[in-house]
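Before I ask anything, let me first share the structure, which is written out below as structure tokens.
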Amino acid sequence: MVEKYSIRTDLALEDTERFEEDNIEVSGVTVEEEWDEEREIRITTVRILTENGAKTMGKPVGTYVTLEAPNLAVPDEGYHREVSVTLARFIRTMLPRKEDCQILVAGLGNREVTPDALGPWVADNLNVTRHIIKEYGKYAMAKENVCSVSAIAPGVMAQTGMETVEIIRGIVKETKPDVLIAVDALAARNSRRLNRTVQIADTGIRPGSGVGNHRNGITRETIGIPVVAIGVPTVVDAATIVSDTMENLLAAMETSETLKGVGVVLQGYSAAEKYELVKELIAPHLNGMYVTPKDIDETMKRMSFTLSEGLNILFEREEEEGQG
Amino acid sequence: MVEKYSIRTDLALEDTERFEEDNIEVSGVTVEEEWDEEREIRITTVRILTENGAKTMGKPVGTYVTLEAPNLAVPDEGYHREVSVTLARFIRTMLPRKEDCQILVAGLGNREVTPDALGPWVADNLNVTRHIIKEYGKYAMAKENVCSVSAIAPGVMAQTGMETVEIIRGIVKETKPDVLIAVDALAARNSRRLNRTVQIADTGIRPGSGVGNHRNGITRETIGIPVVAIGVPTVVDAATIVSDTMENLLAAMETSETLKGVGVVLQGYSAAEKYELVKELIAPHLNGMYVTPKDIDETMKRMSFTLSEGLNILFEREEEEGQG
Amino acid sequence: MVEKYSIRTDLALEDTERFEEDNIEVSGVTVEEEWDEEREIRITTVRILTENGAKTMGKPVGTYVTLEAPNLAVPDEGYHREVSVTLARFIRTMLPRKEDCQILVAGLGNREVTPDALGPWVADNLNVTRHIIKEYGKYAMAKENVCSVSAIAPGVMAQTGMETVEIIRGIVKETKPDVLIAVDALAARNSRRLNRTVQIADTGIRPGSGVGNHRNGITRETIGIPVVAIGVPTVVDAATIVSDTMENLLAAMETSETLKGVGVVLQGYSAAEKYELVKELIAPHLNGMYVTPKDIDETMKRMSFTLSEGLNILFEREEEEGQG
Amino acid sequence: MVEKYSIRTDLALEDTERFEEDNIEVSGVTVEEEWDEEREIRITTVRILTENGAKTMGKPVGTYVTLEAPNLAVPDEGYHREVSVTLARFIRTMLPRKEDCQILVAGLGNREVTPDALGPWVADNLNVTRHIIKEYGKYAMAKENVCSVSAIAPGVMAQTGMETVEIIRGIVKETKPDVLIAVDALAARNSRRLNRTVQIADTGIRPGSGVGNHRNGITRETIGIPVVAIGVPTVVDAATIVSDTMENLLAAMETSETLKGVGVVLQGYSAAEKYELVKELIAPHLNGMYVTPKDIDETMKRMSFTLSEGLNILFEREEEEGQG
């Protein structure tokens, strides 16, 4: 397979699109698409089944569910509520066992940087219950089947001097939850997905993902309990957006009527030569820079509320669902 | 000794004042006072030496240094800097061993409630270095003798569902600092001390202290390493301020010219009877209420900066001091 | 009438209670009480009809509607929504004319001080529309009868160096709204009313009211358009809570079995003498201090959301209501 | 002159660089460069003298002073202080008359979006004095020659529903300052200038400038008093960074050894044809997107503090300077 200029995305969905363009089938990876017509949500489930698939995709073996709901951009409270309910349903399928109901939610990211504040904002809106259940028992809560929920917004390494995984692992060992739900802002490749897409994965958080670049992964291996990762893309890497446009330029040149002479010449060059050309021109000072929309505050405020509501609904575990 | 209506204060200094009024010597407790004339700082060192002293004072055995600097109310940058330097000097005397230089700072409290946000604000302004030293060694830092500093603002139980001590203990076990410095907003008895007084103690944080009422103590016993507690009073308990004024009322009545008949009658009653009278009248709804000044934001912003600067100065450990 | 120790409250309802205790009828003031059984909201309408009534009450002529909903303390979203709807209905009755639909909302107070941040938080959650209507007309909005809404959080004098009324008057002259709705945190006398009571008044904001003490009133006289004031008590003045308890003490003494001798003596003294006694003892350093509950952040977050939702519902003016 | 693909920059300095590259002299524009060796600050003064110059530059007639201090990236307090002093000196030269000492500072931008929060953060740190001088006179201030300073952070149109100029004009008419100083986050073309460059201009704020895109200008014409604009670039437009890189690509192709055939072909095409090619490929969804560094919070916090300190120094107007 021809190696393309490496595109940074945290969405497994976008990795598969990379191959679809070229009509390449990736062995060890399955993709299923569902369309919730009523709510206008596209649900894509990417399953990476083998180590080979993982290598090709650049993501670990596991299941990645992506909900795309373009209408999330609109401040319609009723619609956001429906998405919360749908989210609760899909997050539940990721929880390893039905009876695991002691949950720690980690709101990852830096609350001082708007596009990285998703995790902390979600943590802020959660209904935590662990301390109440611990003191008064489950009967103290209005609903009997309520989960024990705790939450932490640990900050980022530049604020704490510690790896996020060190903090989380320490808290997990002390408080012994059944499962960690890690919420984080993600980087997408396609700017149209920002703040209206949610990815739920049973793989944990991997090095280099997220806006804040948590160096060491937060996974079952590193913290000892299953990790469900929930992410919303809030930024596109600056290098990604530039290289993306430049690939378009080269492609256009090869077929351009105006510049068809260029096309002819370019066709004589290998992908590797073109790749080198692009790479050179993406200035090193673009490292650590990201692209984000100007109305990020409003869309993120809504999105983080929709996410925390989804988690609150999930953790309440109505009677009927407990029986189902 | 006649038991007075119990006054809530986190300052050991104010406990001693309670006894001074009555000219009572408390066995097992020593008090030393120093006056820094140049900087106009009153420094009081209270040492609780015996369990008996601890019981009388209502505070654990240990050393409590209080710096009172009324001029901290004035926004004079140069003066605040001098107080930072003085603070660094006194905090250093509390560190168990000279060579302990791996420090975790815990900024306790709730950043959403202004008078409880002192700890988180101090954590925000710290120069954390642990991650840099871990990756590049001490030589990466401009100064060779720099300490390894990490920081966490864990939030309060109502936000996290976890006891603060659980979070801290977990992080301490994972990251193995030599000492914990816990910064917290305190309750004072005297409103004139708010935001211009700092208490440094080698005893850790005790149950029921602080604005946010951390149920379980954060002490050497509970987390396994020495704990230096730094606190600034930012509130007075509402019950305290009321009972304080009422004691004044009763005292005034006993000597009042206008109401001298009352005084005569009151003198016939025991302290216990008067205490009952006061207790009944402090309505239960005052529980969980505090008194705080209206300009709390400005004075706390300055004070938290002065504190974090004190810590930053301390952790830099200049060459000369390293040799001293 | 015997002048009592002056109690600071911004709630007209609490002024009337002062007189009720003494069975005094205040001429020029009417009080109506309504009980919304379904929603458990007590609605009290105080009308100050004459200048004499105004003088006795210490509040200007006008109508004051107070909604007391103790259940607002509970985080029940459905219930808060119902209160929002009720609020919208009552605020509408205060608007001078049905067709006045160009609204400026002023969120008064200091967003850096939690109990004073109510106004700014309400402004943050409003759906402003003026700029959209100005550019695209009303048809651009989903609903035809939508009002033109603008909002400002001007900050407080210590931040701006300007009287709030100067800022508001300037903006009103430039943007010409029909009516100003001023939202502000209030001081109550009774701490049980904090964060679960809303007062709506057609009198504007008066000097000395609110947490932040806006020196010059924001009224029809000073800004040239009608002013509807919406307030939620978030604090009790420290002096109020102390003097309140002390009055209880004196009252108790007069009837106390334990101290009945005192009662006999006190009965011989005039109200003025007792008032002097209390006044002396409320230390001057209590000025500028307030009492506020520890969970202020959560209750205020909910309450400000309920208020802004009430305003959003009001401004949308459904079709049916437009016809009514 | 060949029209290049239009680059968005708020820095006059960067407009001149565009012409320098092509060795074009722009009539009606002068550029002076100064190097403060001690402080390592490059100071460039661009003067647009004629309407013709203004048209070519895309900026109004006036003086633009740019201070570039790469070391501002380093958290060295002493150095930041020196830059504050230098800033005060240059801002003073922009004030229309020496005796104009009633200053309104407008902190423009959205405090909820980190890279747009510069203006509000600067306003937060200012020493406002107008209310004190108005009440007690200048002698109340420690320094006799102190200016009357007021400040406002009006928010952005999406929050207020009003044009920023409407709010400012209203406040100016009411409070009658001599001069407005408007502080705003800017867009640069070169990402290396972010958060370490300050532009001071006597032209006011123009439509389409700033991060938040204030539609109508804030200028002497629109508000009636002189406007000094102070800006710090905090973002690069996403479209700018992409088009910039693509121009590099085209330039590289024309001279590339690897692809020299392409170069030959491209040389046959006009600038207009190449411009069209680039324009097509910058996707419309890049509108409203910006590029910003990940450590924006720390660098902006420092920079806004340095700016507000510069203004505080300026407004204090020491005795000696008053005589100078």
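By letter and in written order, the chains are A, B, C and D; residue numbering begins at 1 in each of them.
By our rule, contacts are C-beta pairs under 8 Å (C-beta built on N, C-alpha and C of every residue); 3 or more make two chains touch, one makes a residue touch a chain.
What you are looking at is a predicted structure, and each value in this text was computed from that prediction instead of being measured.
Fewest steps needed to get from subunit A to subunit C, stepping only to touching chains, is 2.
More inter-chain C-beta contacts link the pair A-D than the other of A-D and C-D. Taking each chain's centre as the average of its CA atoms, subunit A and subunit D sit 36 Å apart. Chain geometry summary: the mean Cα position of subunit C and that of subunit D are 42 Å apart. The set of subunit B residues touching two or more other chains comprises 158. Every pair of chains that touch is listed here: A-B, A-D, B-C, C-D.
On subunit A, the positions that touch subunit D within their shared complex are 110, 112-114, 116, 158, 191-192, 211-213, 236, 238, 241-242, 245-246, 248-249, 252-253, 256, 258-259, 261-262, 265-266, 268-269, 273, 276-278, 280-283, 285-286, 288-298. Every residue of subunit D that touches subunit C in the complex is listed here, in rising order: 123-124, 128-132, 148-155, 157-163, 166-167, 169-175.
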